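Here's the structure, in structure tokens; my notes come after.
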Amino acid sequence: MKVRFTRTLACFLFLLSALAVYAQSGSELRFCLHGEPKTFDPALVDDEASENVRYMTGGVLIRLNRQTQALEPGLATSWQISKDGHKITFHLRKGLSFSDGTPFTSEDVAYTMRRLMDPQMHSSTGDAFRSGEGAVDVQTPAPELVVITFPAPVAGLERLFDQVAIVSAHSPKKEMAVLGPYSVAEYKSGAYVLLQRNPNYWKHDAQGRSLPYIESVRLDIQRNREIELMRFRRGELHLINRLDAEQFDHLQHDDPAVTRNAGTGLDAEEFWFNQSPAAPLPEFKKEWFRTMEFRRAVSLAINREDLCRIVFAGHAKPAYGPVSPSNQFWFNAALPAPKHDPQGALRLLTQAGFRYEKNVLKDHAGNPVEFTVVTNSGNVAREKMATMIQQDLSQIGIKMNVVTLDFPSLIERMTRTFDYDAFLLGLVNTDLDPNSQMTVWLSSGENHQWNPSQKTPATAWEAEIDKLMQEQASTLNERQRKAQFDRVQQIVAEQQPFLYLVNKDVLTAVSPAVVGAAPVVLNPQAFWNVETLQVKPLPEMGANR
Amino acid sequence: MSGKTILRTLSGSILCAVVAAGLLAGSLTHYSYDRQFREAPNATPSALHPLGTDSLGRDLLARLAYGTRVSLVLAPAAALLATLIAGLFGGIAGLAGGWSEKLILSAADLSMALPLLFVLIALRALLPLDVSPLISVVATFVTLGALGWPASLRVVWAAARNLRNSDFLLLARASGCTPARILLRHVMPNLRPVLFAQFWVSIPLFVLTEATLSMLGLGVMEPLPSWGNLLKGLEDFSAVRANPWMLSPLVLLVGVVVCFQLILPAEEALT
Amino acid sequence: MDERELDPRLSSASREAIRKEHRLQSGLISYYGTYLTRAAQGNFGRSEWLERPIAGLLKERFPLTLRSVVLGLLTAWAAALFLSLAALYSRGWFLDLTGTLFSGLLIALPGAVVALLAMYFRAPVFVAIGVVTFPKLFRYLRNLLLHAYEQPYVLAARARGVGQARLLLRHVLPLAAPPVAALLGVSISMAFGAAIPIEALCDSPGIGQLAWLAALNRDLPLIVTLTLLVTLVTVAANSAADLLHQRAQ
């Protein structure tokens, strides 16, 4: 009896381990999402986790190649934009079908666009197309021809289609029927999302093999970066999409082959002062924040090199403008990049009527300069930066307090009550084209953070920025647009409504089991080419599960 | 001296030493807790920095000393508040009896069923703490104090109830003492040891709760150090391996709580 | 207040729509009034931050936490009972002292530190919960049992010559049963409280982690519902214990 039991147990265990090894060889890519995907509907995608899933499941007409930053044909083989910029015509690939077999025609594109532009949808992807008043018209003269007409020309129109994942008009599965390399097979809230290979994916490699190579992708939902790192080290994960600078260094020290620094990213950390007349602040404070010399002096007093060196362990570069140097086309290399200069800052301040006596900076009325900067809680790097800036400013006699708040309170202060002195936040740039930031630069814009929703421009320079932004939005000439936006960046550098601090490097980790990974700075950094990635089982990884 | 007394005296002296170190933090280290030594982040212990520095280059010894001040000075304040509330309501329940007793006891029971951390988190979420770190610290501990009373209440109530039925109180009432005089001269002196025991037992509990809250990011705000704040750094295991002295706040915390326990164990105070 | 409001791509109309979705609470009392009436109908509202119905979130996450808490409590109770009974049985000082020292050390560890240790040693979540609840349980149990052991009733039985084992099981335990049953309710409350930092730091998708994230995102409906849920569970457990005890008598 006992012997029989032991034998059955042994057989069972053997079968289990064989199954495990077999499952490994079925090739699955495993990595983590840092939050819960809020939706699988491509039109409503707004958070990072959902966007990552959309990237891998959505089929798009035009794909922006993350590596070359150039546009490639996707579901559309070619496209033409009319001279006046109002109309775009797409020629679609023939004979394609969705993941569940439903055929793909221009009707699906029309359905997707109409759905996206539906005012009730409130889709941010859709709103990006809204260049003017009036409805967007979509015509399907043939099953492989789509004509979309906009009420006003849309700057950077083609790039926007990279975000539009085509949804089936007829499939019973609705948004779950996809044209991308993978489809969502399983979703367990709080735990993981399992993506399965789409057998009907249209792309083939040079040898004619159908893509993607990897059978399935398992996305674990893991908020804790330490646990993610631990699991990566143990071989449970194949890549980490964004690493902290300190984690990167520790990992690099142990295993330099797995860490990849893709270069300077597009994101910037920015600092701005409240210039809104509706702010419940004392008048003398408002006066400080409106004084250009004050803002420039603060910018000069901040030691950006130290921030890069200490908070980001050297994996960041000082930033002086809204566009990162990695955004090759739009970056203005002619912008001034002044080094840390407390003496220069004090000279500027004295010019503006401030006095520096006994280590305290006072304005012309004798008020000591003191203000509070607000940042979001839970972001360790930002809290560290704020603490370091605190010390930098104390050297020119400014007392800065740091307060961390949860996001809802932050937004309340930023957009409703304007009850704050200064903010320190990150600017997340997913789009290379500055046109998507219109509401930030227009003085009437709601994202014009330092003084939103102005009825008329409060200052001459804001009026000039308004003019330039309107001009660049209405022309299709890329060179002209660049010249105009370069001038905007120049004005911003002179007036410093935003004090740009650093551009962080994009740090990823890729397991040696992954073949073909080439991390880049554009989102999604490590798995932008997921369809051509391969996973090979490593001898030492086979035992881990 | 018995072993117990030796232990008690030892614990007592350790506690006094730690509290003194916290209060006299300025003389213990000549660095401020927020001064950043930017040339030496994450430094290992040296003559200049006996415990090393943290990721921003701040001296760990200074942060530990000032953190001791925050944790060890405010926890007793919270414990005092909780004990006073428990004393007040427990006393009323025990002495008055009747429906007030029933009401207070059921409120206490219901509060006991609420896990402290859930309620703390909910309260903190209600109040946007956009004030200076110092006020946030005070607010955290006041909330702790305001929520920590149910546990102590039952004990105080039991003692007060015994008092109510005691002979000498009967005698006092029979001889015509006014209620105020009874309260002052008879009830208070008898309840005092119970209250003190509860106060003593609550302190380590609040120290631990503050530590957990701060590690979750909901307690004392930067750059003010507290033990919980400093323990947050332990989440990065590789950093701890590089500089094991980062564990010193944990050692200090455990040591202090153990000392409190040795002087007056909680379960003794509950019976 | 929604993070989406910060997306520069949104048009004014969309932004207005998002703002309308978040109704401003007029006052705390009216808020709780409407909340309770709706909760009574089974509608726990929507989570502001996750934008999903709260009832669905609870259904997904609660079983995991329940499992961890139940397993953790079972381990803690088993260990505490075993150790305290063994200490009493042996009548020597060694077991008692070791138990007291060990539990004393464990009590002094903040729940979050235990969570970190569990993460480091790859221990499952319920082990951490058990470790946090065990020391307090042990100390109270030990005291209760000791107190019962010294009752005249038990003394009399000892004088009669009843054996240690029989003494413990037949005389001490029944005597100590009422306060022990009360302890059960308290331990459930403790375990759920400990679940918050442990799940948060170990990244376990239960209601503890949900409560912590809700606090970080100031999602009031979610926190209130969670607190209510845990309270109900504890009160139910307490009443069940009371009922059983009364039945036993």
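Note that the chains are named A, B and C in the order they appear, and that numbering of residues resets to 1 at the start of each chain.
The rule is simple: contacts are C-beta pairs under 8 Å (C-beta built on N, C-alpha and C of every residue); 3 or more make two chains touch, one makes a residue touch a chain.
Remember, predicted model here, so these are calculated numbers, not experimental data.
Counting C-beta pairs in contact, the chain pair with the largest number is B-C. Each chain's centre was taken as the mean of its CA atoms, and the one lying most distant from chain C is A. With centres defined as mean CA coordinates, chain C is found 39 Å away from chain A.
Chain A and chain B have Cα centroids lying 44 Å from one another. Centre-to-centre separation of chain B and chain C, using mean CA positions: 21 Å.
Chain A has residues 226, 230, 377-378, 406, 409 in contact with two or more other chains.
Multi-chain contact residues, meaning those touching two or more other chains, occur in chain C at positions 201, 216, 218.
Residue positions of chain B touching 2 or more other chains, listed in rising order: 125, 128, 217, 235, 237. Listed in rising order, the residues of chain A touching chain C in the complex are 36, 38, 46-47, 119, 122-125, 127-128, 130, 189-191, 221-224, 226-227, 230, 377-378, 406-409, 411-412, 414-415, 436-440, 445-447.
Chain B meets chain A in the complex at residues 34-36, 38, 41, 55-57, 125, 128-132, 217, 221-223, 235-239.
Residues 104-105, 107-113, 116, 120, 136, 139-140, 142-143, 147, 185-186, 189-190, 192-194, 196-197, 200-201, 211-212, 214-216, 218-220, 223-224, 226-227, 230-231, 234-235, 238 of chain C are the ones that touch chain B when the two sit in their complex. Residues 1-15, 17-18, 48-51, 57, 60-61, 119, 201-203, 205, 209, 216-218 of chain C touch chain A in their complex.
Note for the complex: chain A touches chain B at residues 226, 230, 246, 250, 306, 309-311, 374, 377-378, 383-384, 387-388, 390-391, 401-406, 409, 413.
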